[in-house]
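The structure appears below as structure tokens.
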Amino acid sequence: MSLLSLVVFLPLVAAAALAAVPRLGDAPARWTWVAVAAVDLGLIAVLWLRYDTPPPGQLAFAEQAAWIPGVHSSYHVGVDGLSLPLVAMTGVIYLACAVYALREQHRPRGQAALFLFLQSVNLGLFVAADLILFFVFFDLSIVGMYFVIAGWGHGDRGRSALKFFLYTFLGSLALLVGFIGLYVAADPHTFDMTQLAAAPPLQGRPLAGGLVLAAILLGLVVKTPAVPFHTWLPPAHTDAPAVGSAVLAGVLLKMGAYGFVRVAMPMLPQAWRTWAGVVTVIGVVSVIYGALVALAQTNVKRMIAYTSVNHMGYVILAAGVAGLVAADTAPARGVAVAGAVTQMVSHGLITGALFLLAGVLNDRARTYDMHDFGGLAAPAPAFAALFAVGAFASLGLPAFSGFIAEFQIFTGSIAAAPVTAVVVLGIVVTAALFLRALQRVLTGETVGRSLGFTDLRARELWSVGPLLLLSLLIGVVPRPLLDVIEPAAHAVVGQLGR
Amino acid sequence: MRPLLLLPELLLAAGALTALIGGSFLPRQRQWPVRIFTVVVLVATIVATIVAAALPLRAPATTAFADSYAIDTATGVARILAASGTLLVLAVAADEIAGSARESETYALLLFATTGAVLLAGANDLLVLAVGFLLTSIPLYALIGLARTPGSAEATMKAYLAGVLFGVLLLLGVTVLSGLTGGTTYVELTDRLAGAPRAAVTVAAVAVISGLMFKAGGVPGHFWVPDAAEAANATAATFLTTVPKIGALVAIYRLASVLPASSSWPALVAALAVASMTLGNLAAYWQPDPRRLLGWSTVSQVGFLLVPVVAAGRSGLALPSLLGYLTGYTVTNIAAFAVSAALPRRRNLADWRGLGTGRPWLAAALLVALLGLVGTPPTAVFVGKLTTATAAWDAGYAWLAVVVFVNTVISLFYYLRWIAAAFRGHRQAPPGIGEVAPPNEGRPWSARLAVVAAALSLVVGLASGLVWSVVARP
Amino acid sequence: MILQTVLLVAAALFSVGLYGALSQQVVVMVMMGLELMLNGLILAGAAFWWYLAPVPSGQVLLLVVIAAMTVEMTVGFAVATHLHRVRRTDLTDQAADLSG
Amino acid sequence: MVTHVVFWALAVVAVLAGAAVFIVDSMARASYSLALSFVAVGLQVLLMQQHYVGVVTILMMVMEMAVMAVYMVMFMGMNPALMPMSMVHDNRAALAVSGGVFVLLAAGILLVPWPARRGSPPTDVTAALGEELMGPKMLVMSAVGVVMAVTVVAGVVLAAHRTRYDRFGDDLRRRRADDPQPGGVGR
Amino acid sequence: MSHLAQAALWSLVVGPAAVGVGLAMIRRAEPIAVPLSLTVAAASVAASVAVAVARPSVSVPFLAGVDFALTVDGLAALLTPMLAVVTLVVLAAAAGEIRRSRARFHGLMLLFAASATLTVVAATLPTLLFAWEIMGAASYALIGFWWRAEDRVSAGLTAFLTTRSADLGLYVAAGAALAGGAGLALADLAHGSPGWRHVIAAGILVAALGKAAQLPFSFWLSRAMAGPSPVSALLHSAAMVALGGYLLLRVRPLLAATGWAAPLAMWAGALTALLLGAVAVAQRDVKQLLAASTSAQLGFVVLAAGADAVAGGAAQLIAHAVTKALLFLAVGGWLAALGTARLAGLTGVAVRWRSVGWSATVGALALAGIPPLSLWATKDVVLARVLEESPWLYAVGLAASALSAAYAGKLLVVIWSRAPAGRRGAGGTYRREGDTAGGTYRREGDSPGISGPRQAPLVLLAVCAATAGLLVLPPVGAVVARAVGQSGGFHVPWAELAISAVIALAVVLLVTRRPPPEPRWALRWLGLEAAARVLFVRPALRCADALARFDDRVLDRGVGLVSAGSLRLARLAGLVDDRWVDAAVERFAAGTRRLGRLARRPQTGRLHQYYLQAVIVLVVVVVVLVGWG
């Protein structure tokens, strides 16, 4: 059991322990969660420190063990520049959630176990190097999130959870169909990602390649989510608990986006090139559409949910642009892909923080509606400050990670496909909607539910603060992150050239 | 001749008779020795199978009684599965019928039916097939009728009449086939069917396969399944939705691989598969009674199980994936039924509220079992679905793989209805079966079985490499 | 008297039996219909044996058919009795609670 | 020639008797006509040189129908002579379907190019059958034996509602079985 | 180059930024806020002088293939100290004026100043954009500093949105630069591939005009007046607006390389100088007057950038910066004292507060271009250069300078004229006009009257405003010209200087005789808001009309119209989202449920019907298979 497997399965073991020990009190359960999450993050830090970029097409810390030899599927894990940042981001967000949930009253033991389970699943997905393994974790994450929403949510949670489950499960099965297509097309048959990426099947078979890609895209796009497959997102977020939303937006959405760079692009380069235009359009539409719809929301959580559609739209756009292979745009497309991966990390941190803050609103005032608040800055200055910082970070202000990501995506996309310049309108709309929200909720005379609003408690401060701080850090000193990402990004672009 | 090759079957049949006779001398409350004996017989069967398979002194695959019975991996796996399936069912019986007047007879009937299932699976001769059909069907009628309730009587009648009709069909097909070829063993069929008139062969194929669909419980022979699952007692319901299917599906596989492609049997099987899974899923959609819901879900599972049969002879994955899926299906389905058997009074999904808080382990078992039946990784059925769909695609039936997964989405809905009910809040139930349930509400053995079987389905899924190495033996 | 003619007679018996099985309400009468179908089957089997393949296995098949018929009927009587005892009816239509 | 005449006569008898089963208005008569139809078929089988099977058919069916008549009167408690009955449903559909099936079967029978006869019948069919049973088809016959046993068990379990524990007490200690009417086993 | 200088350069940016963020975030920093910020500001003055002398340049790797690079070239060497000094002075003045939330105020100001400095020394596009956007955000926070007043916050929102939409130009330019292949360093932009070069130039031009409040973006500046007057003093003089012009000065080779960008910039600058000058003349509110004059004066800088008169432009920037800072601080003092910003309310203030009055007078005279004060010289050096380009532009420039003399004169007349009694009532009418600035100054709880410490900086600024003209006059001028790399060497256009001096004096005298006209179009800032409405909302209207009824009431909603228009669109999108996309899924689910009910039909419970179904199914199957196979 090497370090990587330890990182992945430590939370799972802890979850099993928590679930098995029936007489465990609430406080110990909560603190166990925090402790395990912290240890896991520490292990991830060790991982990062001992990481050195593997040669293209290979993985660091790779492990392989036979699993289902009959279909050439194995337990194969490893990390590279695409997955390592996401792994780290996952660890951070789960730790933040653990801290945030320290005051959870409703079945804390179950919640801790469930979230630890989810953490294992998500980490596993990001390190999986075998399609079936990938799918296993992909599906289990859906199951776990279903119980998070149905068990700890509020509002019409049952329905939202069911909708989420059916929607994303449909997507995951489409994904599985695509995977089987890859397997059958590969010669020799295999589910191994590295082999499939090394010798992409379905080259020179446009129809079959297109169909398989379509299945995979459907699965990923539903999860990402992109217009018009995003309608499960707002209800799920609105009814999910704060930590649930943070994990859902911060980590689960990335699974879809990660699939683009990990599965779809390297394994179906030709089909991807053929359909890159479509993907680009989907991305552009998601960006603009998500921003506009978010602008129309008066429910803070719904608004943030729709900005997720907008932000993930940038990722899809970059992925699509990367496929628009032209003469000398390879470096630019590399920049775009690097920006996409950065965006995944950045969006995870920032949106996670914003959702936790929105959770504070509901925790104090039992509502998310902007109109119920006003002048909140007076009673809750700390909340106001963090919310403002989060908002500016999310609208892509420099010195925050969002700028790094979006700047790369913009420059890369515009350089590779000048038409995509329209998406810059997105950041103006985003700015408008966040400033409007700030004005509605924080400024003006203190009225409505703002009266008697207690400011952030320590646990909330210590869960949200670090996330934003990290985003700031990335925004000011991006090199450590980019040094990890860029080689892998350029490798992906290189693979697309085949 | 080599009758020793049939040692497991002999053990089962002899064990059945012994249990029957031995039981008749035991006082009603003390028939447990028969149960123990049955367990011993089943374990012995499994051991015998494994030993025989492990023995190096014969070629991996052979036949007995002049080609009329095949001894190969499929038969071996079927023996093990049928025996262990019955073994697990005994746990349900231990709660339900312990001390009842017909306990010994029940064990005897279970063993007989198991024998029949194994005979079906191994049948390499049309006549053996027909007799195996009888041998599995007849005990089932009695088992369904065991619970002397109006419902069970009705279910018995329906199962019986359906059985006879499809038996006639089976015999019709057998008659035509043997008439055309002048032989009954599959070896002869393979040689001679090629030249036979296509129309006649097609009619015969339809007749035989649909006759077997009665035992498998798929379209068009599915009508009795939900009724029996609902009305029969838990022991019978669990058994007859699990063990006979093993025999029937392996039998269908063997027959299909004998038939000439000109009889377009793949189209037939594919059609039956799609019909079964779709009808089963849709009909299960609104069932209020968990037992009946499971009954319909088994219909849909048969549809999934038929998928690899379509690929028979076209993909090397066909047989292993079928056997693998059968393994996963057996444990998972038994787990699901065991959960419903553990709380026999909750005959409406609404009654299951608060299970998650009241009986966490049982709830977990239910969760694993149902999600397993959906095909959620990493349970055994997931591996089954994955491999079978892959086999179908590999054999050029990509659309069938797609249909499989579309149906999986549909199936998700009704399984979730039960899960959601079980995990939603506390339960406002009529007094008497409230949260503080009387100790006799729960049935300990069934509950244990549920947890064990659920765990098994997880283990089989995770250790599918091991399972595969068994089912993929040459 | 050639194969086809015999088979036609068998088919006639089979269809008559099928009609009975479909139309009768009393369980025992339905059973009679099924028996009649088997009857036709016996005739067809015999004809196949005689005209196509006069090999012993064909005879065994006929025996199996007869055995099956007997067995099914025996169980049938038991089922009918059971139904009659538990539900006080011998009509299929009066035992139609389980549905949907 | 003679055989032809006889065959056709028997054919007519068999089919008509078969049809009569569902026309006559009492179960007893129905069972008798079924028996008649079976006898006719048995004779036809005999015509086709399969003496053993033919005889077995005839004997078995006569016995079975006798049993059925008795059964009717005993259990169903209906007097065959008096009780007229026509209990049919969906008659039209049944007619249509069975008619259609007959047409299809006939069409198939007439259109299918039946293969030529393989080999010739053994000199002593019955002996050959015996050897077949004791030889290659032993498994089948032994399985049939098991089936018979199962049938007994199943039949008893279903039909007999009074178990040994009702007759001899839960611990089977009772010397004399107490039966509702005298004359059971264990007397 | 010494590491010391590099450290100084870093500290110049990092120091204020870090301290600023700290002050703004940490709540208990209130007591130490003012001393700390003043110390930092003073320190950065020293550092700025150091870097101005040593001209260091530093860089760290930032994004793919492009560094986070700072460099101090001649231009930056001129501006950095000016920026630092003005910041220090304004902060010192603010120490007296802002009494509550000092920590937040000084923190934001320092952050703002730091980002401005970074903008000045930025050497690559990402670095520039980095500073540029933070500057915008800080300005938002500062304009909306008194967040309890909704209108101030929304004024900040307007400013931020307008400038950010202009900033999109920089994003596009960055993309183009990456594609152009010449790299993202500001110096290399001119060498991009010809096709992309135009895109780069266009993008930068838009961004710069937006920040510099040139036409057509000028209107945000008038809303920006809602902020505290120290903010205006910094934002309008040295920091944000000025840097728009500065950017154009930085990239003039690029503008020249494209061929069309330079003339465009010249015309934009000239027209802004002319029209906004007219606007300034027409204003009745002193802050609005000064705001308009800011746009106008920066017009000369943009003009200079286009005409490649870097030295003149830089000097103009500096001179204008000190002058404007001076005027805003002075006016701010009066506002605080009197509670009104209306010109009519300020009559005779110079008589009441002499020292402030005299400083303000020097500023006003400089603004008017009266020799030998600063703007007189700087402006005319630029104009002289323009004359070589085209006489028309020169004419426009002269007219513009005449107008500047006019509004400066107008201000002078007001502050020196004898005050009629009952002036106080003016405040009331003033409030009724809807601008709440006057009304809200009271809330800050400032004591009326201009205290001692406030006067020192004013005097200092007045001296600078008087003497900054030396930057273009011998002997310093030659040095400056060489420093900034002025093409064509250094010479003093005595003739033009004389002409403009005469014009300025004449206009001022004229204004003192009879007040200038106040045309409505000018009073309303040329109806630029209406223009924005037409340009941005009309399309929005058209889409919205196609999508849903989008009523005209929106037309009254002022500047927020762009967002209002898209708001409607957005609501519709939201509707579509719920009604169609979602509904499709729901419908599918419903269909499945119905099928579920349907599928239970065959299970009638009647056995003979099962028989029928089975037989029929089989017959059909057989027929199909036999027929089809």
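Letters A, B, C, D and E mark the chains as written, and numbering starts fresh at 1 in each.
Throughout what follows, a residue touches a chain if its C-beta (ideal position, glycine included) is under 8 Å from a C-beta of that chain, and two chains touch if they have at least 3 such contacts.
What you see is a predicted model, and the numbers here were worked out from it, not measured in a lab.
Chemist: Which chains are shared contacts of chain A and chain B?
Modeler: Under the touch definition, chain A and chain B have E as mutual neighbours.
Chemist: C-D versus B-C: which interface comes out with more C-beta contact pairs?
Modeler: Answer to which pair has more contacts is C-D.
Chemist: By CA centroid distance, what chain is farthest from chain E?
Modeler: D
Chemist: Any idea which chain sits dead centre by C-alpha averages?
Modeler: Centroid comparison flags A as closest.
Chemist: In angstrom, rounded to a whole number, how far apart do the mean CA points of chain C and chain E lie?
Modeler: Using C-alpha averages as centres, the distance is 96 Å.
Chemist: When the C-alpha atoms of chain A and chain D are each averaged to a single point, how far apart are the two points in Å?
Modeler: 71
Chemist: Please report how many Å separate the Cα centroid of chain A from that of chain E, as a whole number.
Modeler: 36
Chemist: So how far apart, in whole Å, are chain B and chain D when each is placed at the average of its C-alpha atoms?
Modeler: Each chain's C-alpha centroid was found; their separation is 30 Å.
Chemist: Which residue numbers or ranges of chain A touch two or more of the other chains?
Modeler: Within chain A, residues 166 contact more than one other chain.
Chemist: Do you know which chain C residues sit against two or more other chains?
Modeler: 18, 21-25, 30, 49, 52-53, 55, 57, 60, 64, 71, 75, 79-80, 82, 85, 92-93, 95-98, 100 - these are the residues of chain C that touch more than one other chain.
Chemist: Which parts of chain D, given as residue numbers and ranges, touch two or more other chains?
Modeler: Residues 89-90, 93-94, 97, 101, 114-115, 118-119, 136-137, 140, 144, 147, 151, 154-156, 158, 161 of chain D each touch two or more of the other chains.
Chemist: Could you list each pair of chains that touch, in label order?
Modeler: In this structure, the chains touch in these pairs: A-B, A-E, B-C, B-D, B-E, C-D, C-E, D-E.
Chemist: Using the touch definition from the top, list the residues of chain C that touch chain B in their complex.
Modeler: Answer in residue numbers: 21, 27, 30-31, 34, 37-38, 41, 44-45, 48-49, 52-53, 55, 57-58, 60-61, 64-65, 68, 71-72, 75-76, 79-80, 82-83, 85-87, 92, 95-98, 100.
Chemist: Using the touch definition up top, name the residues of chain A that touch chain E in the complex.
Modeler: It is residues 163, 166-167, 227-228, 231, 289, 292-297, 328-329, 331-332, 334-335, 338, 375, 377-378, 381-382, 385, 392, 397-399, 403-404, 407-408, 410-416, 418, 421, 424-425, 427-429, 431-432, 435-436, 439, 442-445, 478-479, 482, 486 of chain A that touch chain E.
Chemist: So in the complex, which bits of chain B are touching chain E?
Modeler: Chain B residues touching chain E: 157-158, 161-162, 165-166, 169, 198-199, 202-203, 206-207, 210, 219-221, 223, 226, 262-264, 267-268, 271, 278-279, 282-286, 410, 413.
Chemist: So in the complex, the part of chain E that touches chain B is made up of which residues?
Modeler: So the residues of chain E in touch with chain B come to 592-593, 595-600, 602-603, 607, 610-611, 613-614, 617-618, 621-622, 625-626, 628-629.
Chemist: Under the stated contact criterion, what part of chain D meets chain C in this complex?
Modeler: 3-4, 7-8, 11, 14-15, 18-19, 21-22, 27, 30-31, 34, 37-38, 41, 44-45, 48-50, 52-54, 56-57, 60, 64, 67-68, 71-72, 75-76, 85, 87-91, 93-95, 97-99, 101-102, 105-106, 109-110, 114-115, 117-122, 125, 128-129, 131-133, 136-137, 140-141, 144, 147-148, 151, 154-156, 158-159, 161
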